[in-house]
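Got some structures for you, see below.
Each of the two complexes below includes subunit A, the first together with subunit B, the second together with subunit C.
And now, the complex of A and B:
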């Protein structure tokens, strides 16, 4: 028999309101394996920390989203939001499932092209598009979503220089009843700026207006906001038809669907409160179908869902480095993955779980990352069971934004591993080392 | 009156077709044979020709339909009258006057019967001839200036006069060597159609039939044999002479029903066997009546039975699977059969509406036709649809609540345009597992699409029906939401076609016009098929670019450039630049005509699919390759999908093989041409970029591949077709652009 684990005795205050023994027991969730592969095995093989991505989860989530929309609306197209996770292996899965690419910079555009995406299946968003970027986009026949008038002028000039046509849409910002209104991107709907832009584009020689785009915000927790946005875009769609006898090809409602992560300060867990794909789809489809648009002229509905599509598929494996007590007696723990890898820990109360059977006793703890920086806090308050140095932990729902917004800071960035549909593992981004980092540096000789 | 002129060609074909039309044919060769036969008797031959000329001239002068005129439909009854009258009396001026007058009577009777019977969609057959010939015969006794002909009595004299001693010897040879009474009566009967009472005429006609159409030849034999057998079985006495003048009834009935007015097949042959004894009975009985007036019933039994049968078939309520009326009369049973056998589904006339699936996205059929739960008996032609996830589950969570089911609350659409005739909206949804047997159909909507074609969706969600009785709705419009009302233990969508407008109506076996079938993440497009249980199906969406390119507008001119790499002269000749024209004919059929070689390619576009239906012209024409490559092209957007069909075999096979195939074609087709179109790149969901497809055409003999043609097709934004065809070291490139 294995030696029982030693737990230090702790004295904790009984607080009123906590369920007594007849209430719900706080059963600690354990993640001991991912897609059937033991966490310990993954860490033996790929070290700690390590990002793990489940291809099965990505494909299942995509299928769920696709079904939610396609059974409610006749023409639906997803575009993979590169900035959410642009590891080639991840993008390839989405493209294999039929997703287009949604990029927001020249770099992302090049990356999408190098992933074999057909230029005409790329949506080019974002407020920063240089003449060089626009040239590349026009030459590849990408759909350029214009953000502001200066970009429009630059684009007209560029098409003239190239003597080529560009396929364009405009980004519209609008009041969908949520706070804050994201009015920094695109042209405003309510004050007529969007209509003004449309008129200029429709009269521009080398621009073919094919769509309308909006992105009302991020982590939107009410589906009805999308219904308002869809209605407003449908109005513009009809107005363009009335004035110019021109049917646009699509309406793009962007992304912003909430994932099941819990926002800091939220009272209930995100998995309970965030709308499902079905709820978003119901709101959007009903709004467009019941708008004035005749059903034979319904536009293609584009969605650029990133976060909700990929968050669940990512895990970060990490190891306990040390246990401490703060001066106030609070239990704290240092792990080997910090905020440099987990950008989303600034917004979410990320789920951190043990990978092995633990005692049922939990204690409020603070989890620190390994950085020599005061801000490196993964969870400032989490009920966590006692754990020893070397215990392996799993942080779930880290698939979105972390692998793009991470920083090389103090430590190297770790391996990223994909578990494919057959349960085989592949490194899809190698752990950095000194050579790889220094290869870009140049030291002037003195 | 510029447009009332007839070309020399039209005049000739109107005369020739009047002859071949007697055997429902438009074969010039057969006509030549028949004219020859008719002149075996000078008086009859002249009479016939005069009558045809008079009838056709009348039709032209009075301004009747020129197409019908040149296909001989106005002339053939007059021809029969002319032949009949011409043989009754000795040739003289008076006789020809009588012929002329009877031809006029006959012509007007033709117009009358065309009008009357035409209203019922029936042919007038030889009814005008019958009435005219009886008029003449009844008045014959009083026409004293005309001498009753003595021909037929001194056959040898006549033959000698016609062809001298050799001819007489030849005739003798036939007479002595064809001893079988069966064959003799058969030939006599055939000859009798042209009022010729000797073997030779029959032999020539049967030879003509064989060259013109194998099926017609086989049918003439079949019809005659059945009647012959029946005579023997029931013991009707017949002497060859009395028999012959009515024996052709059996032959003509067999041809009309077995192969001409209906698409030939085993079933039509079977009906020939069933119907012929009735023709015999009618013949015997009418003979008794007509004998009182010293008349012959001539072709009356044939006319009665064929008209009766065709009319009865028209009144069928269910869409016919067998005994299909020839949709497009190509004037030859083989052609009709091959055109039809390619794919019955190609013919829109058989399916008046092209219905789409009543929902968005991919749904799974969890009960099909003849289902194991409720689709039984008179309600067996129905479908139940649900939505499943990748693992085949219909719900998430425990499945205890409506909202757990993927299909619950999803939009239900009108499968075709029509009028709402019934809409029920107030039956509550059952809790999961319970059923409502009182209002077993639950909330339902019945839509009338066409006469005898209604569709019904049932078990809709409580208070979700968005249409009301009398609403005129479009295809794809939302009518309600999928629910769980009525006899429905869990949410699903019930769909059926029915012939009557009621909620409880029984079902009819009618297919969906077009749908995508999902097979291992690939899709194939099915047209006019019945989806089966457990299949995952979805509606295809349209590709605007393809829709535009395949919309051939009458008056459109296409500039065609052909490049050929080949050793063979016949292909090289095709190279060059010329024009194709899009035109429509009197039947509202659109076709492409090649200005260079006059070839015609008939097409049809039902909004979801472009079909080429038929091709007339030389097989090395560039238009022929255009026809083959674009034989059937879906207008839907879908990369990596395929569509299959078979091209009518007479388009790709010829010679001895086809001659042999013709004989047994109604029973079995051993020649086959497969058409497989693979859509490689469909230009994406926004219909941008080029469309790339490849068509693989395979010629097969008894299932074995003998030859393959590979056609690559590209269509760009400007609706230009770029086709490359490869076979036998021959490479043909066709570039087809809009000529503006």
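And now, the complex of A and C:
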């Protein structure tokens, strides 16, 4: 006699009260393949955990952003935000699509140059630029975005020593209706500090002022804030022309577009609430075009969008290690990927999904990582179907920041694999091992 | 250990605890298992019966059985013994 299909025994408490805000539960989403490659095959080949990056998603997202802006504004240039994901293979895709590089340290500047980016197509942001970094930037004709007066005077001194000109812009911080205001970077617009800095730069012999930059924050969910920022930069742009008879080349609105991840504490999922590229583009383009800047002198619009450009392309494959019950009877699950790999789990409710058909019964669960640390919580509350040890899961939208802010802690960092446009897989960063880590260490002989 | 007197179980898997007012849902296999526990059947004979009927291995049954059992205790469906009585 054929045996019956087994299903784990389940008892669930019926809770009266406010119903689920989304009504009846939807069918459990399953991610069984990425760009046509089965998750099980990827895990057989590259182990667990493993980061997977889809080149197709990167290029599709870039094309969507480019279309949104270029259909509304005549001169647009994207610059890839290195800190969001500076794996060479990822940067190369963005450069291949036409992105410049946006770097925030000497290390990132060296990385962009080693990726073959022409120095004059590099934007050098950030509050920490040493004389050595500035020298490298000047020698490669990078656009240096000055963050504070000490940096301005160091730059003047460096250009004198080198007897070379530097191409510069200033970072402006301003009130765009987003609070708290990020006033720790750059020169303030409202109190006149930015205008003072501009006046000093315009008097400096070796500095060529070519642009204005702002970055109003991160995960900005209100597109209209960019319109306020663009208007204020347009005012400065025109003030420079009036006083110095000088047209700048560009206005840089920075990054900060929200990805479709859901912030912790958000009532609705990010995919429903975050503005689209079209909405950001509409707000920014309208503000600049309707400013007093004559159309023949419109600046190039620079955008340093990182998170919204790459988050969707990244997946983390992981495996169930254990199922447990807390003392309160709550279901908990341990997986083999921890917060040391998923920095964004601290502020997002990351989407965790099974890779194959599962039981229709879901239960509110907590998902822990494998670290022997109490903070290692990937999801503190998620409705998840019952799983067994060895089940393969997929965490989506992890392409931004996780592969730069990760840390080697307790476990090795895993393989990062790129699926190219032809569906071929490539390791783009090898899994660490004891040798690779110990190669940095020196143990004094006693 | 017996199912407490206040617990009523319907044939479609609805469980009501008249002492606490709590109610629960069981899936079909949970219902089958709770009935066997109510009959005071020991684990070994429950396991053998399941192995004969279902496509499953003995270790999975053991894990799931004891997790289910612990939940029944947690929800006060099975009478609580003294947890520190190690005899």
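The rule we apply is simple: the second predicted complex is superposed on the first by the 428 of 446 C-alpha atoms of A that agree within 3 Å, B and C clash if a C-alpha of one lies under 4 Å from a C-alpha of the other, contacts with A are read in each partner's own complex, and residues count from 1 in each chain.
Note that in this section contacts are C-beta pairs under 8 Å (C-beta built on N, C-alpha and C of every residue); 3 or more make two chains touch, one makes a residue touch a chain.
Bear in mind that the values here come from a model prediction, so they are computed numbers and not experimental data.
Judged by the number of subunit A residues each one touches, B leads among subunit B and subunit C. By the document's definition of touching, neither partner reaches A:272: not subunit B, not subunit C. In the superposed model, A:7 makes contact with subunit C only, not with subunit B. Residue contacts after overlaying the shared chain place A:300 against subunit B, while subunit C stays out of touching range.
Once chain A of one complex is fitted onto chain A of the other, the partner contacts of A:364 are absent, as it touches neither subunit B nor subunit C. Shared-chain residue A:45: touches no atom of subunit B or subunit C. In the superposed model, A:74 lies in contact with subunit B only, and not with subunit C.
Using the contact criterion defined above for the overlaid structures, shared-chain residue A:121 touches subunit B, although it does not reach subunit C. Residue ranges of subunit A in contact with subunit B, taken from their complex: 60, 63-64, 67, 69-75, 77, 118, 120-121, 141, 167, 210, 249-250, 282, 285, 289, 295-296, 300. By the touch criterion stated above, subunit B contacts subunit A in their complex at residues 359-363, 387, 389-390, 406-407, 409-411, 474, 476-478, 538-539, 541, 684-689.
Within the complex formed with subunit A, the subunit C residues making contact are 15, 22-30, 32-34, 50, 53-56, 60, 64-65, 67-68, 70-72, 74-75, 77. For subunit A in complex with subunit C, the touching residues are 3-14, 323, 325, 328-329, 361, 388.
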